[in-house]
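Below you'll find the structure I mean.
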Amino acid sequence: MAERRGTGRRGPVPAVRARWRGLLLTAALLAVCAAPFQLVPFRVFQLTMVLVYTVALIGLNLLVGHGGQISLGHGAFFAVGAYGTAIMMFHGGWPYPVTLPAAAAVAFAIGLALGVPATRLHGLYLALVTLAIAIFLVPLLKRFESVTGGSMGLTLAKPRPPAWSGLAEDQWLYFLTLAAALLALAVNHSLLRSRVGRALHAVRDNETAAEVMGVRLAFHKRMAFAWSAMFAGAAGCLYTWVIGFVSPDSFTVNLSITLLAGLVIGGLGATWGPLLGGLFVMFVPSLSQDVNKAAPGVIFGLLIIVVMYVAPTGLAGLVRRAAHSFGRTLRKG
Amino acid sequence: MAGFLQQVVEGLGAGAIYASLALALVLIYRFTGIVNFAQGELAMFATYIAWQFTHAGVPFWLALVLTLAVAFAGGMLIERVVVRPVEGAPELTVVIVTVGLFILVNAAAGWIWSFLIKDFPNPFPRGALEAGGVGVAYSTLGVMGVVAAVMGLLYLLFRHTKIGLGMRAVASGPESARLVGIRVGWTLALGWGLAATVGAVSGVLVAPLLFLEPNMMGGVLIYAFAAATLGGFDSPAGAVVGGLVVGVAETLSGAYLDFVGSDLKVGVPLAIILGVLLLRPQGLFGRAAVERA
Amino acid sequence: MNAKGGAFLEVEDLHAGYGDVRVLHGVGLSVGQGEICAILGPNGAGKTTLLRALCGMVRVRGAVRLDGVPLAGRSPDAVARLGVAHVPEGRGTFMPLTVEENLRVGAYTRRDRAAVRDDLERVYGYFPALKKRLRQQAGSLSGGEQQMLAIGRALMLRPRLLLLDEPSLGLAPMVTRELFGIVASINREERTTVVVVEQNAHLALDVAGQAHVLETGRIALSGSAADIRADEQVAQSYLGYRI
């Protein structure tokens, strides 16, 4: 929604705006590339995790923000990617670069398969089914111990930086994840600009009208589900690279709910929503946990409700609004 | 055979608890068309309140009555404060708000009472009633008795009181209900209060069997969803039957299906939800599928 | 005229609409106590909106007074509690409830239980068909029976003002005639003031004392039912027949 409002209010001098935007983006990219050389390894790790969550949230945004479907089980696809990667590396001895496309493909396929019942389900029921899947996943992972390592999980060697790069491990992981995140952004961008994106918006805004207009509803909903699962799977793969360890308890239903919370707070359907959501999911718990173990939950819960009341486009919408009024003040002054 | 019957009895005991939470879900759905993902957490929170009362030395049954009163008021308050602003909003918005409520209530309980597990007193005597090689624990009987009593009271309320009649009128057509002078807003709040009370009963019943901790109801909720889906989201009787069926299905498949065992039992509600949705989306007793576009 | 010096129902300069669409542009009329007033007019003139505006279902600007008490700005349930019963378009039947329950809901705001019991019998007196179907779900009734139920439900409020929206809609002529006969006798016996919106002008003018013709949100013509019927121009444009 924010997108359309943005275009509607575009200022009188778009060329200047575009130049500003280009400068800002370049500066941001430079800062992002310089960050791992300025920060201590733990901070670099945190930023890497932000990027991992961002990739997962890009997928969730596609489904929830752009498609208007509800998933309370996106952590399950994340887990599929993470475990898939771990199993490929642990049992298959695959080199890690191969696992990213493989994990993404597996998640896509599973998303497509689950998308068949999902397309027949409406709103609430999709939420119920995805929730049930997320809950079911943990015992399932524990059950097949010989493959998944059971409750103990699997420990793996993290990708080692090549000698030519001269980077430390945390820096290498950061750049790997950054590259993957940029790739995900690009894929997401072209998806949304394709027929798929237009169909999704049509479905979200008015399902009946979309159907009347001849949008193949079931097909596009299923594809949205599959693409969305693919991003989550890719994020899971990155997670395994970065953490070097998977265990069932990392992928409880809490993960799914946290992801949804992050996306809602970051901004449903907003371009920068996933990144802001990723920052939120990473830093709010680590900053507020010292107050009380329950503080992150209280903040998340309250914010979700408040965001739905006052700012349905989340932080991204607020930032955009602030930027607008700032821009207007500048022009006036 | 006795072993089988024993499993069925255990299943009915568990099912009665699922039924009471499912009943709470159905009540809210009937009145507001909302599926309340926070229902289990509200029940958990109420159980903590009951624990607080008994901890302060209040006798169990009195503590229960006080708790139910608090739950009722709390449910009404939540409807007026949290749910009212998104009344009539798109489904996605409403679901997200109840998920937010889920996270908030869960964390609030952890904040107030910590995440450490607590013992919750069992109001029913130990031991079991033996008949034909089948033992029925008194606590199982007690649980079933309480759930039956709640059902009975709800039936009386809806069928034989003026308030109940008004509530059913609102559920069937809020606009027309307004025209006969019913305060619809308050009636909806009443529905939430009632649902919170019924949910609190399920929390208090399940707490002695599990342990009291903030995540206690997370596992129960999915069974209650399966029960409500099976029975039909708009049918209170369906919720109870659904709860019992889900409970029995869970225990039997845990006991007799080797690949399910005790650890994969939570797949049973998933299978039931998927099966019902694909075969009979309106559930066994429901009038219409949960399809509010 | 009442003690406060105005008519029983007074409407002054009433504006109403839905969102940006304005439907009523300053309607004024007054109805005396115990009268039947018919609102006539072509489709889309704002007849239904006028009734909705009287009972608080749409936002209004202007004044509505019932026996001197302002109604404008009150919610529909508050208006109902002041004794205004509205039988809406589509009848507002509570389909899953039984016939008897529908009638009892009509008396929801009343506390006089014994009188409510008497009123049930009174409604059965007007509509014997309903008495045979007490325990049946209202959804299973025929259109005519549902309209009777809707009027019966409205009577259970012991209304001081009864608003009827297109009672003839979808009913056979015979049934409609019977229904209007009953409305007339209710008005005679209970002294209930009635405002009826109707497409079928013949029937409405038969029972009404005065009538107003609404056109594109304004009162185009007012007068006694007999005068309106006699007005040839009206007959042609709204009543659909020549005299």
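A few comments on the model shown:
Order of writing sets the labels: A, B and C. Residues in every chain begin at 1.
Rule of thumb we're sticking to: a contact is a pair of C-beta atoms (placed from the backbone, for glycine too) under 8 Å apart; a residue touches a chain by one contact, two chains touch by 3 or more.
Because the structure is a prediction, the values reported are computed rather than measured.
Both chain A and chain B are touched by no common chain. Chains A-B form the pair joined by the most contacting C-beta pairs. Of all chains, the one whose mean C-alpha position sits at the greatest distance from that of chain C is A. If each chain is reduced to the average of its C-alpha atoms, the one that sits nearest the average of all protein C-alpha atoms is B.
If you average the CA atoms of chain A and of chain B, the two centres end up 33 Å from each other.
The geometric centre of chain A is 57 Å away from that of chain C, both derived from CA atoms. Centre-to-centre spacing of chain B and chain C amounts to 43 Å, using the average Cα coordinate of each chain.
Within the complex formed with chain B, the chain A residues making contact are 64, 68, 70, 72, 117, 120-125, 127-129, 131-133, 135-136, 139-140, 142-143, 207-208, 253, 257, 260-261, 264, 292-298, 300-305, 308-309, 312.
Residue ranges of chain C in contact with chain B, taken from their complex: 55, 57, 75-77, 80-81, 85-86, 88, 92-97, 101, 104-106, 108-109, 153, 157. Of all the residues in chain B, the ones that touch chain C in their complex are 162, 165-166, 168-169, 172-173, 175-184. Residues 35, 37, 82, 85-86, 89-93, 95-97, 99-111, 114-115, 214, 218-219, 222, 225-226, 229, 263-264, 266-267, 269-270, 273-274, 277-278, 281, 289-293 of chain B are the ones touching chain A in the complex.
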